[in-house]
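Pasting the structures here.
Here come two complexes built around subunit A, the first alongside subunit B, the second alongside subunit C.
Moving on to the complex of A and B:
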């Protein structure tokens, strides 16, 4: 019963809320912040697919984010390309790069993978920072156009951009939902739980890992391209490691390896950060320890912990009902296993 | 020819610093099998504390370094107790994220206390020396001598003393060390103490020729990771040799390839190594 309320009820309410949000606030600044957090969410979902579901902590995601942003920026500003063509090309460029890097990076495991991707991320950042003639270096890239018109709809106003980003985000969530609940998603989780075991039961781990890596970079690139067209100015800083850590913070606070985690974490942290504007430079004084404490005490973040409590409650109920039979079995259905990972 | 010799000397200088940082990192990895991403923050804290001791309290350079070594060593111990010890049974991804959390905190903390400005550290050894037709500052010579002295001391400590031997025993087999009566908790704390101290020495020595700022540890720690992968995770001679290899290739690369891209050399080196051998060179069965 509770589950039906949860699923059938909450999702449409959330979507509805997102749709009416601009009319409720009427505040351009709030709409701006919300759009930005939607954009981050897409990147966080990409990271979640790789780190949360497959168990490979990639620290190169800011690099891919920046590649997406810069591809779009350079193609529109310097090559004067049509926006949507550049947009698609930016995604292709990021994915192809992700494919090439993934081919090599995924040969490594655990610590080596984290360190390898950390270095890849840094190389991407340094290239963007130093390649003055192409990327304008530290001066940054100015004058990136807003998303081009689709038929009669233009995306010049903040409101229309909000809905564009929201629509893309919803599609992304739908895709992730479908992936996670499919056999492919289970394969990823199997790899996370034990790569050797997954291989033993006939899963081609390399193929699957590469798939998820490319998907993950694709979402990072999508997030970056949207960011570029929304903020309309990009500097090499968006490729900095700090951005990877930001994404990781959103993911961890929300709940790594959960479907709703990226939404919860991103919205929460972005809004808290906005409230603590005066702390901007020092926000890590708060988020650093939170990140560490979360990993120690609530490694599954907010969404994961809530799901855990629900499972426990259901467990108790069932245990009560079955007390006479003295029969206790795990009440976690396959579906839930996927959800909380 | 003269440029080459000069650059080799520079390589020796930065190589010494890298080797010290990598040593701390490799010791911790050997004991706990975690890549301590927060090690760069310890390096940064070491620089700031030495600077503060010298500028605010007027301590002598060496005394300031001593204070810094103790303080940063204790920060390391605290880190082990509060964060890595509770996480000892957690999946490996958690240690890494927790370490990143500490890194972010310490960087923000340094910025909060000391500001984001780039600061120079005064040194009593700024004079220029002419030796064998080479020109260099005393400080650079000092870095090399001090680093080598520290390495020799560390080597003697690990090989000749009982406590040092217990660190090595634990890095070989934690359960085995526990069985023969080694207090593994104490050894873990001791290792963090040494690791933090090494980071503080490295940054205090290097700071006068570089600058002190909150992000000063980022690049160094990334390079230290490259080094310990180069030299084998957990291997002590590997960290030293790797440090010097990287130091030389960087200073030569800066002269003969491009100064702008000198920082990239380390990472390209790493990418190449891991592409060919995914568990690193000389790995004794990656963990």
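Moving on to the complex of A and C:
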């Protein structure tokens, strides 16, 4: 049984499930919720790369999410730009902003970094909220176009948007997978594990941290731009700190620093909160304790804990195999062990 | 002259941790730094490896001034170090720890990673081979797949050596390599250091285990209150009145 549920099997099955999902449900609302989950996942992956793999917990990600969304919105609605051009520009704007903020933010570490980025995120939110003449302030931006046609394919229907977002998500996951499983990923993990040691073995920590920070904001911006084109209306609230903590909750529940964590966490939390919709705000009474218990007992989230169990099981197996070998190969040492025991 | 410090000083506020130290590390030898607790030995290491900028003085490696370089550049120049408290990536395996040690000799970047280029694959293979080589060199083959957190103190020390060696250094600075290991294991680590020197790597270590140092070191420097009080062979040091005074206190003639 354990052998069937390995990576080679489970990944194609999940992708296949995601592809046939709309035909199975036939329910537009479910498709809508799923598309939204995919969009969040991209942002969560960005946060995971920075917080999970490099050890820098940024609380500015809702800000970057909003910058991506507003860049797309303003360029298409106000500047009447072609959708895909605006899309690419939105990503560039977010990344450049990420670069500039990263230059300063990454001079701090640990909780100072978290607090600094918290402030940055809030400032981004305030700018969007107060700069009426540019962003329309609390009225929000209305009439953002759906993704433009790519050749003969149009993205006007929920179903086509679902597949567009799914395709982008899969590319994002592939990119993250490749980064994490490369020398570059090892470098990031080394920085997470001990920045001093990483520097001692010749890693330029500032350069690498800046690289991840920009990449991470890029994914937040991508997530935001997709959100804007999918919901077609954006208000300053999408830059609110609440969104950062939503992303962080998905990541923590799924498993910080794991590849499947963002998927598991986002799908689970989004669906549970949809199911508990009837409780209105009282659903937080259920969510709060669950989250607290999870963080206390499974700090590595669902995916992290499962991976942990697998490692332990494999280690036990190896230990047992080694012991068996010792017993069979040298009866003398086996005897000794019995005596000692 | 391989590596030398010229009137190197470090002040932390009013405290002078290292005071005007002139020291030369001789190529292909085992150099040792000893001294009572708080004598400034580790600070001296931190200055050379770039962790603290010196207050004054300079550090010259093969005729080149490296005084103000950041730690990662100094590592690139061929200076590796280990830490007093075994500073390793505890949650990864020995192999994974050591593989990343060769990262500084590779060039592949983020784009290589995303596109899985030939260069990345070649360099990953190169890092792996280097890691296996130093794991064999340090005698860690059996525990290569274990998490560092589950190793014995001695195995951790060896892993730290392996990690330092993976950077392909010309000189390694070892901060108390034998602290917290038993006499047999200490002997094993001493053998390993000799093996490193035989391979052409210069060793410089801080150590409190006098027996080991006196047998092992070709050259010893003694620090006390941040100042160099003696320098020479094991025999010279053992008979130096200033050293005896520093360690035993009281008058040197006693």
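Observations on the structure shown:
In this section, the second predicted complex is superposed on the first by the 305 of 341 C-alpha atoms of A that agree within 3 Å, B and C clash if a C-alpha of one lies under 4 Å from a C-alpha of the other, contacts with A are read in each partner's own complex, and residues count from 1 in each chain.
Please note the rule applied: contacts are C-beta pairs under 8 Å (C-beta built on N, C-alpha and C of every residue); 3 or more make two chains touch, one makes a residue touch a chain.
From a predicted model like this one, the values you see are computed outputs, not experimental measurements.
Comparing subunit B with subunit C, the partner in contact with more residues of subunit A is B.
In the superposed pair of complexes, A:149 makes contact with neither subunit B nor subunit C.
Contacts of A:25 after superposition on the shared chain: neither subunit B nor subunit C is touched.
In the overlay built on the shared chain, the residue A:157 is in contact with neither subunit B nor subunit C. The intersection of subunit A residues touching subunit B with those touching subunit C, taken from the two complexes, is empty. Of all the residues in subunit A, the ones that touch subunit B in their complex are 51, 55, 57, 104-105, 107-112, 114-116, 118-120, 122-123, 126-127, 130, 241, 245, 248, 252, 281-285, 287-292, 295-296, 299. Residues 49, 51, 70-72, 75-76, 80-81, 83, 87-92, 96, 99-101, 103-104, 106, 108-110, 112-114, 116, 120, 123-124, 127, 145, 163-164, 166-167 of subunit C are the ones that touch subunit A when the two sit in their complex. Within the complex, the subunit B residues that touch subunit A are 34-35, 83, 86-87, 90-94, 96-98, 100-109, 111-112, 116, 218, 222, 225-226, 229, 233, 260-261, 263-264, 266-268, 270-271, 274-275, 278-280, 286-287. Of all the residues in subunit A, the ones that touch subunit C in their complex are 175, 178-179, 182-187, 189-190, 193-194, 196-205, 211, 215, 318.
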